[in-house]
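Structures follow.
Here come two complexes built around chain A, the first alongside chain B, the second alongside chain C.
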Partner chain A sequence: MTRAGAVVAAAAFAVLCLLPAGLAPGDVRTMTSVLLFATLASAWNIIGGFAGYASFGNVAFFGLGGYSVAVLMTKASWPFLPSVAVAAVLSAAFAALVGLPVLRLRGHYFAIATLGVAEGLREVVVNLPRLTGGGAGITIPTLGARATTHYPGTTGFYWYALAVLVAAVAVSAAVSGSRFGYGLRAIQLDEAAAASVGVRTTAAKLAAFALSAALTALAGGVFAFQQVTIYPERLFSVEITVLMVVMAVLGGAATVSGPVVGAFTLRLLDEYLRRHFLGTHLIVFGAIIVAAVVFLPQGVVRCSADAWRERRLGLLDTVRAYRL
Partner chain B sequence: MAEFLQAAVNGLLQGGILALVGLGFSLVWGVTNIVNIAHGAFVVAGAYVGWELHDSLGLNPLLGMLVAAAVLFVVGYGLQRGLVNLVVNAPVWMTLLLTFGLQLLAVNVFVKVATSDYRSIPTGWAARSLALGDVRVPYGRLVALGVAVVCTAGLVVFVERTRTGRAIRAAGMDRSTARLMGIDVRHVYAVTFGLSAALAGAAGVLVGMVGTFSPPDAARYTLFSFVVSVLGGLGNMGGALAGGLLLGLVQAFVGQYLATTLVNAAAFAVLIAVLAVRPSGLLGRPFYETRVEAR
Partner chain C sequence: MTARLTVSDVTCRFGGLRALDGLSLTVEPGTILGVIGPNGAGKSTFVNVVTGQIAPASGRVAVDGRDLTGAHPSRLARAGVARTFQVVKPFRDLTVRQNVACGAMFATGASVARGLEEADGVLGRVGLAAVAEARPATLPIGHLKRLELGRALAMRPRILLLDEVMAGLRPDDVAATVALIRRLRDEDGTTVLVIEHNMAAIVALSDEVLVLREGAVLTRGAPGDVLDDDRVVEAYLGQRFARRRRENPDG
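Entry: the complex of A and B
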C-alpha cells in the first residue's frame, strides 16, 4: 500500500470508529449493513477482481457462513466467536472442494456454475429441516439459559462488522501487493501465459476462491447472529451476489479501495432512495446501475484517478473504448 | 408405468416451453457473447402484451403471440442499438450488470404498472386434455410444444438460408472480419437481439396461456434460459430445443420421484455434470467455448 493510501485508510478507520457515537440507532444499523456489504464486495474482488473469475455464486459462502453459525450456536450450543471462526474455515474448505471442478470453467460458464452452486446449496438447506430448520428458518437463542453469547445489540454488531471489514481490507491489501496477487492479475490477463511463466494457476485460483469464501462467511456469520432468525430464501438470495459484484465493479475491480468505495456509495444511495422514493426506488436503482455501467465501466476509483492525472473527466472516453 | 409415462409426457411438454424461453437467449449469447439477464423480463413483457390484448380486445392468444413478438422485436432492437452496443467490448461482467440493471428496472416497472398479482390468459381449450390411455396431454401445452418446434425450425432456416441470417452467423464467428466484408455489425447485433426478444415475447404469451405469470417470475425464466442454453450448447440453433426438452424431463422426473423442492437443485446438478464432461454443451460446437472472452 502506498503512503497516501495508508493515511486515507487510517483516517477512514478513525471516522468509522467515531461514527456510532454520533448517529441514531437506526443509522448505526444502516452503517452496519454498509460495512457488511463492503466486506462482501472486497471478498468478491479477490476472486472476481484480481483473478478475473466473475463468481455469481458468492452468496453460497454468505449463506453457508450464516447457517454454520446458526446451527453451531443452536444445536451444539457453541458461543458466537468460535462458531464464526469454524464457519469461515468450513466455507473455505467448501470453496476449495467445489472450486476443483468449477474453476476449470471460464467467463459466463464459471459465472453460471457458481450461481448453480449457490442455488443448489439453498435447496439442500431447505431440504435438511432437522439440522437447518428448512424453509421455516432457524432461530439463534439470544435470551435465557439457552443463549450461548450475550446479544451484542445495535452498536455491538457495528463493531463486529467493522472488525470483519478491517480483516477483509487487510487481506485484500496483502494480496494486492504480494507475489500471489500478481499471479492472480496475470491469470486475469491471460491464464495460459501466466502458467507458462510459472504461476501455479490451479493452486492460485483455489486459494483466491477459498480466501474469498472465508471472508464472505465471516460477514454471513455476523449477519445471521444480528438477524437472530434466518431463512434460506434471505441468506442465499441471488440479489446479494449481484450487489457485491455491482459494488466491487462500480467502485473499481482489482483495486483494494474500489469495492469499499462502491459498497459505501451504492448502499447509502439505496438507503436514500428507499427513504425518499418508496415504491419506485428499485426502478431508480436499476436505472443508476445501467447508467453507471455505461459511464463508469472502470470503476469510480480508477476513473477519478485518471481524471486527477489528466485534469479532465473522461466519461465519454470509456464509452468510446467499449462501444461497438 | 402410467405414472412414468405421464411424467415423461409432462416433462416433454414443459420442455417445449422451456426451449422457446431459452432459444432467443442462446441465439444472443452465441452471436454477441452477451448473457442477457433481462431475458426473463422479455418473457414476462410478452405475457403482459398477450394478456392485455386478450383482456381489452378479446384477441385470441395465438394471434396475440404474433403481436407480442413484433412489439418485443422493436424493443429488443432499440435496446441493443441504443444501449447494449455501448458496452459490447467491456469485460464479461459489464454486460451481466447492465442487463441485470435492465431486469431490475423492467420488473419493478411491471410491478408498479400491473401489480405483482398472478395473471393468466384464459382460453376455453388450453386446460382441456387429450386422453391417450392413462396419459393426459393438455392441449395448451401441446400447442406450446408445437410452436417451440416451429420457431426453432424457422430460426434454423432463417439463420442458415437468408442473407441476414448469414450476416448474423458471420458476426458471431468473427466480428472484425465480418465488418471488413461490409456487414453492418451494429445493425446485425440489434436484429439478433430483437429476434431474441421476439422469441421471448412469444414464449411469454404461451406461458400465460398454459399457466400463470407475475413480474418476479422473470428471474426464474432467465435462470432456465441459461441452463437450457448451456445444456444444448451454443452455436447450434437446435441445441436450445434439446436442452429445453432435457431440462423439462429432469424437472418432471425429479418432481415425480424425489421432491418438487429439489427441482432447481437437480437442474443445476445436471448442468454442472454436463459442463464437467462436455464444456461446450450437448450439441454445442467447441469453437464457442474457446471464444468466451473474445474481444
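Entry: the complex of A and C
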C-alpha cells in the first residue's frame, strides 16, 4: 500500500471507531449492514476482481457461514467465536472442492455455474430439516441456559462487523502487493500468458476462491447471529450476490479500496432513498447504478485516480476517455 | 551429453488433421535453431507442444533429459522453457516493468522486490527502460514485441522459443534483436528456437535451420545449405518452380 493509502485507511478506521458513540441505535444498525456489505464486496473482489473470475455464487459462502454458525451454536452448543472460525474454514474447504471443477470454466460459464452452486446449496439446506430447520429456519438461542454466548446487542454487532471488515481489507491489501496478487492479476489479464511465465494457475485460482469464501463466511456468521433466526431465502439470496458484485465493480474491481468505497456509497444511497422516496426508491437506485456504469466505467477509485493523474476533471472527459 | 531439448516421435492430431506426424529432433545447449516451413507445416503446434499448451497424442518431450510430456505450461516455464506469443499477450493493466517482473517472479521464484529489480536490468537489455512505467496499451507493436521478449528473458530460460518475434519490427530493430539473441546464446548459454517468416533474419541469426513440412522434419543443416535445397524450394514454392530452378540454375 502507498503511504497516502495507509493514511486514508487509518483515518477511515478512526472515524468508524468513533461512529457508534454519535449515532442513534437505528443508524448504528444501518452502519453494521454497510460494514458487512463492504466485507462481502472486498471478499468477492479477491476472486472476481483480482483473479477476474466473476463469481455469482459467493452468497453460497455467506449462507454456509451463517448456517454453520447457527447449527454449531444450536446443535453443538458451541460459543460464537469458535463457531464463526470453523464456519470460515468449512467455507474455504467447500470453495476449494467446488472450485476444482468450476474454476475450469471461464466468463459467463463460470458465472452461471457458481450461480447454480448457490441455488443448489440452498436446496440442500431446505432439505435437511433436522440439521438446519429446513424452510422454517433455525433460531440461535440467545437467552437462558441454552444460550452459549451473550447476545452482543446493536453496538456489539457493529464491532464484530468492523473487525470482519478490517480482516477483509487487510487480506486484500496483503494479496494486492504480494506475488500471489501479481499472479491473480496475470490470470485476470491473460491466463495463457500467466501460465507461460510460470504462474500455477489452478492453485492460485483455488486459493483465491477459498480465501474469498472464508471472508464471506465470516460476514455470514456475524449476520446469522445478529438475525437470531435465519431462513434459507434470507441468506441464499440472489439479491445479495448482485449487490456485492455491483458494489465491487462500481467502486473499482481489483483495487483494495474500491469495493469498500462502492459498498459505502451504494448501501448509504439505498438507505437514503428508502427513507425519502419510499415508493420510487428502487427505480431511482437502479437509474443511479446505470448512470454510474456509464460515467465511471472503471469504477470510482480508478476513474478518480486517472482523472487526478491526468488533470481530467470534467465528467464527460471520463466518458470520452473510456467510452469513445 | 544430454540434449537441451529432445522431441521424440511426437504426433498431434486436430480431428483428422495430423499437425505433427512423428516429429523427432534434438537441440544442444547454446544453439540457435531457426525453424521454418510453409503455412500449415506445424510450426505453431510444435511451439505449443514444447511449451505445454497442447499435450501430444503420442511421443515424448524432454528438457535436459527430464520427461515433461504433457506437463502444464507453468511447470515447463519453471523448468526453464520460455516463449513469446506470435499475437502479443501483455498483461495490459500492469506497467511494462511489472509485466517483465512477472517473468522473474513466477519462473525463478523471485520475490516481488527482487523481480522488479531484475526487470530493470532486462528492460535495459531490450531497450524499453524509457517506457518502464508505461502501460502496454499506449505502446506501438514494435515495443510490445520487445516486451514479450523481455518478459521471457526475465524468466532466465534454458530454452527460449521466439514465435515471430521480429515480424512487424523496423529493420534497425530487427538488427538490434538479432544482436541481443546472439549475446544471450554467448553469455547465458541459452538455447534459442526461432520461428520466423523473415528469412533474412533467420539466415543471419541461426546456427542451424530446420525445415518442417506436413508435421515432420524435411531437412536440417547450415542456413545457406538448407535454403539451397531443392526440396525446401519445392515445399515453399511448388514443384513447377523447383523444376524451373533446376533447369535454369542461374535464373
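Basically, the second predicted complex is superposed on the first by the 313 of 324 C-alpha atoms of A that agree within 3 Å, B and C clash if a C-alpha of one lies under 4 Å from a C-alpha of the other, contacts with A are read in each partner's own complex, and residues count from 1 in each chain.
Convention: contacts are C-beta pairs under 8 Å (C-beta built on N, C-alpha and C of every residue); 3 or more make two chains touch, one makes a residue touch a chain.
All figures in this text were calculated on a predicted structure; none of them were measured in a lab.
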{"item": "Which superposed partner A:17 touches (first chain B, second chain C, both, neither)", "value": "neither"}
{"item": "Touching partner for A:198 - first (chain B), second (chain C), both, neither", "value": "second"}
{"item": "Touching partner for A:246 - first (chain B), second (chain C), both, neither", "value": "first"}
{"item": "Which superposed partner A:279 touches (first chain B, second chain C, both, neither)", "value": "first"}
{"item": "Partner chain(s) touched by A:8 [first = chain B, second = chain C, both, neither]", "value": "neither"}
{"item": "Partner with the higher number of touched chain A residues, chain C or chain B", "value": "B"}
{"item": "Doubly contacted chain A residues - partners chain C and chain B", "value": "none"}
{"item": "Of chain A, residues touching chain C in the complex", "value": "177-179, 182-183, 185-186, 188-190, 192-202, 254"}
{"item": "Residue numbers on chain C that touch chain A, as the complex places them", "value": "51-53, 72-74, 77-78, 82-83, 85, 89-94, 98, 101-103, 105-107, 111-112, 115, 151-152, 155"}
{"item": "Chain B-touching residues of chain A, taken from the complex the two chains share", "value": "48, 52, 54, 56, 101-102, 104-109, 111-113, 115-117, 119-120, 123-124, 126-127, 135, 238, 242, 245-246, 249, 253, 279-280, 282-283, 285-290, 293-294, 297, 319, 321-324"}
{"item": "Of all residues in chain B, those that touch chain A in their complex", "value": "29, 33, 35, 83, 85-94, 96-98, 100-109, 112, 185-186, 189, 219, 223, 226-227, 230, 259, 261-262, 264-265, 268-269, 271-272, 275-276, 279, 289, 292-293"}
